[in-house]
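The following blocks contain the structures, represented as structure tokens.
You will see two complexes here that share chain A, one where it goes with chain B and one where it goes with chain C.
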Partner chain A sequence: MIEAMPPGLVLIAGAFLLPATSGVARKALVLALPLATLGLVWSIPDGPALTLVFLDYTLTPVEGSRLGRLFATAFALMAFAGGLYAVNQARVVEIAAAFAHAGSAIGVAFAGDLVTLFVFWELMIIGSTLVIWSAGTDSAYRAGMRYTLVHLFGGIVLMIGIIGHIAETGSVTFEAMHADSLSRWLILAGFLVNAGAPPLSAWLPDAYPEASPSATVFLSAYTTKTAVYVLMVGFAGEGVLVWVGLYMVFYGIIYALLENDMRRILAYSIINQVGFMVTGIGIGTQMALNGSAAHAFAHIIYKGLLLMSAGAVLHQTGKRKCTDLGGLFRSMPITTVCGIVGAMAISSFPLTSGFVSKDMIGQAAGDQLLALVWFLLAAGSAGVFLHAGIKFPWFVFFQKDSGLRPPDPPWNMWAAMSLFAFLCIGLGVYPAPLYAMLPYAVNYVPYTSAHLVFQFQLLLFSGLAFFLLLPQMKRTLTLTLDFDWFYRHFLPRLCRAVASRGSETRRRVEHATMTRIRLVLEPFFRFHRPEGILARSWPTGGATVWVAVLLAVTLVIYYWQGAR
Partner chain B sequence: MSADVPKDDAHKHWLVRTKTIRRLWILFIAALAVTVLFDFIVDRHGRFGLDATFGFPAWYGLLTCVAMIIGAKALGTVLQREDTYYDHE
Partner chain C sequence: MISLHLPALQVVVPLISAPLCVLLRRGFGAWLLATVIAWTAFAISLALLAQVLSDGALSYKMGGWAAPWGIEYRIDRLNAFMLVIVAGIGALVMPCAYHSVAREIAPERQHLFYAAFMLALTGLLGIVITGDVFNLYVFLEITSLASYTLVALGADRRALRASFQYLVLGTIGATFILIGIGLLYMVTGTLNMADLAARIPALQELRPVRAAFAFIVVGAGLKLALFPLHLWLPNAYTYAPSVVSAFLAATATKVGVYVLMRFIFTVFGARFAFEMMPLGEILMVLGLLAVMVGSLVAVFQTNVKRMLAYSSIAQIGYMALGISFASVNGLVAGIVHLFNHAAMKGALFLALACVFYRLGSVELDAMRGLGRRMPLTMATFVAAGMSLVGVPLTVGFISKWYLVVAAIESGLWPVAVIVLVASLLALVYIWRVVEVAYFREPDGDAPEVTEAPAAMLVPTMALAAACIYFGIDTELTVGVATEAALSLLEGGP
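On to the complex of A and B.
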């Protein structure tokens, strides 16, 4: 039955079309493809829209659902704004790869079965790796390679899990499950690798900041949020996710506080924000899931905005370290304002999208009387303002005067930023359209006097902590070791040590063996070597003498035998 | 150049002049006070006891942020390296 084609295919097919076009046609295509995809996303009804028979299984490559539509909408919006941001500056391979990546993410959001899900999951890895590599630098190549290896590993874990699950249940349907067998634990682990969960979280802050200014904007949206989507469908209410999420919340804050690279600060904060969503999925009530879904939607937009403003700074100055930046508000007012709007949205400031989405998760923790979770989420919210809400704009646009006076970026870049800044505030002021898309009926009022007072106190006093401890926050030319130390430093050194020590040992063993072999062979060699006594050629006369001697000895023996 | 503006301030952007920064601090402190004073007229209905205490979001936000900064610095003493650390791998 073919009723609908996967909406993501528009972007994937478009990715192959883009390099074949040029000029205005290409630019039009970059803007039109995401919009066409968005239209298609909204044309898919709830329930299976396309089924295929594959081997003994019936696959459902397209299955509409409220949650899938919400994520796919955010993905398509991101592809549009990212395309606008990149259209005049980025290499065509970057935009093409980003569209393939986005299309695959939308494919996951509509996958009704585990086989389709896995295929799009792997396509995402290919797309995103090409996005990173399109920066064309050596560091991007290496970071992209590490990124791919981590995700291929995660993909293998997921594949083993899926095969085990299908063997156990006989069903390929992607539906709610519990981590109650090894294969389902492996599926959960495979999903969590892409979410940026511990211990492998380092792939994200390692790879994303090495991509080009516009590529990082694309990358920030898809991989982790697709993981949030599949966790929400597959493992809602899985208790362990509460603690995994809370770990991610504080991991992101602590590492971002120590970081000097502006885009790496924002990369750590992606993990922090996804941590809130994963915690909500772990809590698993309708309120919590609505919160995680709304927060994922809002996050894609404000994180895109933050990385656009950071990308604009990088594009205009060529600098990425806080120690080299500062005082840019003087010459980049649009970028500064957009960066601040994004920073306020991520901090859940009232009148921004973060305010109407994130606190649903805290509310759910409170409703379930999960005291520890609630207190940690509140501390995490304060920490978000600290590490992303103030730290990023402060060190990039204010603090000291770096002497740099770059102008605002070209029109298409600030147009994309303005669009997302508008959405951040628009959703904050008028959240009804977002609430209407959520998976469950929304029983939540964000603008109460209690919530407003709570949030203003929490955020302003977090700000006070920042400025009181500003000397402690002074940036240094440092990086912070993470789990990737094992595969970037320790394992290569271990291998080199094994290789060099090993070759020394091998040389010794080889030497000793050869000495013994020579000892055995030496006597043979002495007699049988060329010109050795047994290998010489003899004169015929000599041979005749020896034959005569042999005959004589034979004769003597014969007589001696006969005489007995 | 007027006498009451310090020498190096005259050429600065108005936003970073000493005078503006002092005013911003005064504004900020006033805002902090106002948000806490709102606790007198708004019932924040706490669920766990501690969160119903006066000015809970204010002191909790301040303390946890200080704790996170100190915690990060402490972890940094163990885990921070020069940013060229991986350049030769």
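On to the complex of A and C.
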């Protein structure tokens, strides 16, 4: 039976092993587990590698595919670099949870059927929630709670969709489908929740920045990219995804431009980048899918790098707002260089990994003569440079002198950053290995003069715009409001505001409104509270009345049925 | 030779041990005897299950009297499976009982406790094994009377009132069942289930048969605590001794569900119950109400034992819902949940028994920071709790899966949504315990507590391990449940 173990299980099992070890053994394990997983990932041949019967279905928990291997490789690389980054600083529970999270994501990448997919999907939620909570702060606890609720809701939507799909088709295989029935729409919706699509995008920038510096690095890679993977397998060419993706591109840019917290900037930028991938999936041609896959791979690395450098700053200074930072290049040269490399990659500078991947999506839109999509993608690329390419390094490392003189972070942190920086540039200079892993044959040459001219124009003009508009861009101490503000602040504040208004008439009006709201909600809860009619201890007589009522009612019904 | 008489021994062995427990007059001796007997009964039930799985249903003539005149014990897959559940929980609860009973029950009453416990076990096994409806009633009374005694032994004075209420309502339920049986005997002249099943189809139009159906369903509904007939349950579970709550929650209501299934499918037949009578609709409405009300009320409780009691009401709603579909998948959901719920509620209540043993309280406030002080107990609680929520790779997920499949098969999407929303409510109330135990600091004056004794911990963890094991390897549980569901729907025992 164990011809092919799900590669993710190594990491998941390791997660349980880690807390039991200590000292050098633990460190060795943290570095060895992802590498062992990577080896396993590449040992799985194409096609079903393991089947087992579960309930009434034949499941395929491990099925190799080019696309799955690509994503799993990125996930394993991320686990290695993240583990290296975290090994000396993070709590062991954080690394363990992150490994369980990564292992489940790899499990999804190899899931050949919907049941396995759902199981790993839910395990991912548990793992990531624990990663957030391991920060140990109160705000992380609450953010983790909101995060779980959103994802469990998504899980329910997905589960109903999957069961409905199985009931309709009788097949559990996870393969390409179309959103043509309620159940498949529900599956699509469940996937999109994890991708950070509207209207529930806010879970991402809400939760990730609350985690510890190293935890955010882990989190950035898995949840959204597994969603990209499953969308690519299940819903390639689904037209609606083009517009969902474009919405995410601009949502991410606008909120990132308004944001002051450096890790929230990068979190919004995740949504923006995933938007590019989702758009590519919606276009659905081979070029577009290659582009989305390559971009996902490159993105995991450069976003990990950016968050590592932001995490290093946070770790060394304890500050996270752009307004408190600045001028750090003097004392943190390695972090600065690595941050700039990441920023260049995300803005698709030539000779970085972003350049060789992202523009494939734009090219695909052009090939399909989707003019509007192409223009919007180009505008989005310019926006990326504005919000992540310049804004993040400028405000954190240059700008004014904040007076802070922290040294570069400990060796393991900068080693992890250097590794990823090397990969960013390496893939940009020599993209052949990446192209070889893509699902379809690559028919795209990145380094043509047309591409280079276009890209430099884009970068130069948006760079110019940034510095011309610098006074407007300069962040003051602000908070940005997102959709989650409605359920987190607006409702509670409304209640408080209503309670504290002074004017007598006003109070009376408000009191009446509040009473009316309570009138609607209260009875519902009142019945269920301990003293409520449904929860209190009944006298025996009252309970007996219920018995009599039920007996009488059923008797009447049964007799009536007979009389018909 | 002995293997031929296993069906009789299954009931007789624990029955004889009860008076022996009284004669021993010593807590420890009675406990030792009861433990040995409980494990013997478990072994017998496993042997019976193996026999039924390999040779098919078997019939045993009590005292050599042939059916339908004598009492027939008839064991098919469904009740062989139930026997394993009941005897298995009994066997796992007994090792815990020693410490827990020593703390909660006065020494001079301990041997009586074990005697009553053995009687309750006898009754439950008897109800499950018999193929004779009057014999079923007799065992029902044995187990009920023993359970009233067990609940009344609770240390809290409110246990007496809870026991009294349980007694009144339980007796009404048993009487209803007896009235139903009497009506059936009146028109058919037989008490043997197989015989009844053969004769009822010709008499379906008769009013006494319909009245019998109403009486028996309501009577069984009382025993299994179907909403709104559940009112005896929260107090009984809350104030009973800890191990009694664990045992009754894991077995007694399940046996009630078994009785309901047996009467509906074997005696009356699925066609009569679901096509001629609107039982499906009634059970579905009551089941859904139970699921929502039980879960919501559980969310607001501050006593964890009481919270789990209300959660039981919701879980019973799931089983009623499974039956109400009258489809293979629905019944599989119901039957498999009998096992799954027994495992997880057994583990949860036993974990609470450990908590009570050290802490002397199961109030939410008292459990602050317990995750660090009793790590194994609370880890067990979390594992079983996740199972209650229905997290994948636990048994709860299997039950939920089949239930949702059955709902969608019948085209009842809203039912599927309610089932899953209620599982989120389960997360909320389990989470309240996790939050208090792991994320709150204990009060300054909280007593220093350590991990519970191994004798209590090991069975608790074994049950929690079962929650996970049978969530992954479902061959035994789902396999048996599917076969049992198929044969129930075909009709005939």
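Quick note on the criterion: the second predicted complex is superposed on the first by the 487 of 564 C-alpha atoms of A that agree within 3 Å, B and C clash if a C-alpha of one lies under 4 Å from a C-alpha of the other, contacts with A are read in each partner's own complex, and residues count from 1 in each chain.
Simple rule for what comes next: a contact is a pair of C-beta atoms (placed from the backbone, for glycine too) under 8 Å apart; a residue touches a chain by one contact, two chains touch by 3 or more.
Note that the structure is predicted; figures quoted are calculated from it, not measured.
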Which of chain B and chain C A:L550 touches, first, second, both or neither: second
Contacts of A:S22 with chain B and chain C, given as first, second, both or neither: neither
Touching partner for A:S537 - first (chain B), second (chain C), both, neither: second
Residue contacts with chain A in the superposition, chain B compared against chain C: B
Touched partner set for A:W374, first chain B, second chain C, both or neither: first
First (chain B), second (chain C), both or neither touched by A:N443: neither
Chain B versus chain C as contact partner of A:I254, first or second or both or neither: first
Footprint of chain A on chain B - complex, ascending: 13, 15-16, 28, 31-32, 35-36, 38-39, 42-45, 47-48, 50-51, 55-62, 64-66, 68-73, 75-76, 79-83, 85-86, 89
Contact set on chain C toward chain A in their complex: 164-165, 168-169, 172-173, 176, 205, 207, 210-211, 213-215, 217-218, 221-222, 228-229, 231-232, 234-235, 276-278, 282, 293, 296-297, 299-302, 310, 391-393, 398, 401-402, 404-405, 408-409, 413, 416-417, 420-421, 423-424, 427, 439, 474, 478
Touch list for chain A against partner chain B, complex: 250, 253-255, 257-258, 260-261, 321, 327, 329-330, 366, 369, 371, 374-375, 378-379, 382-383, 386, 398, 401, 449-450, 453-466, 468-469, 472-473, 476-482, 488-489, 492
Complex interface listing, chain A residues touching chain C: 54-55, 118-119, 122-123, 126, 141, 152-153, 156, 159-160, 163-164, 166-167, 182, 525, 528-530, 532, 534-535, 537-538, 540, 542-544, 546-547, 550-551, 554-555, 557-559, 561-562
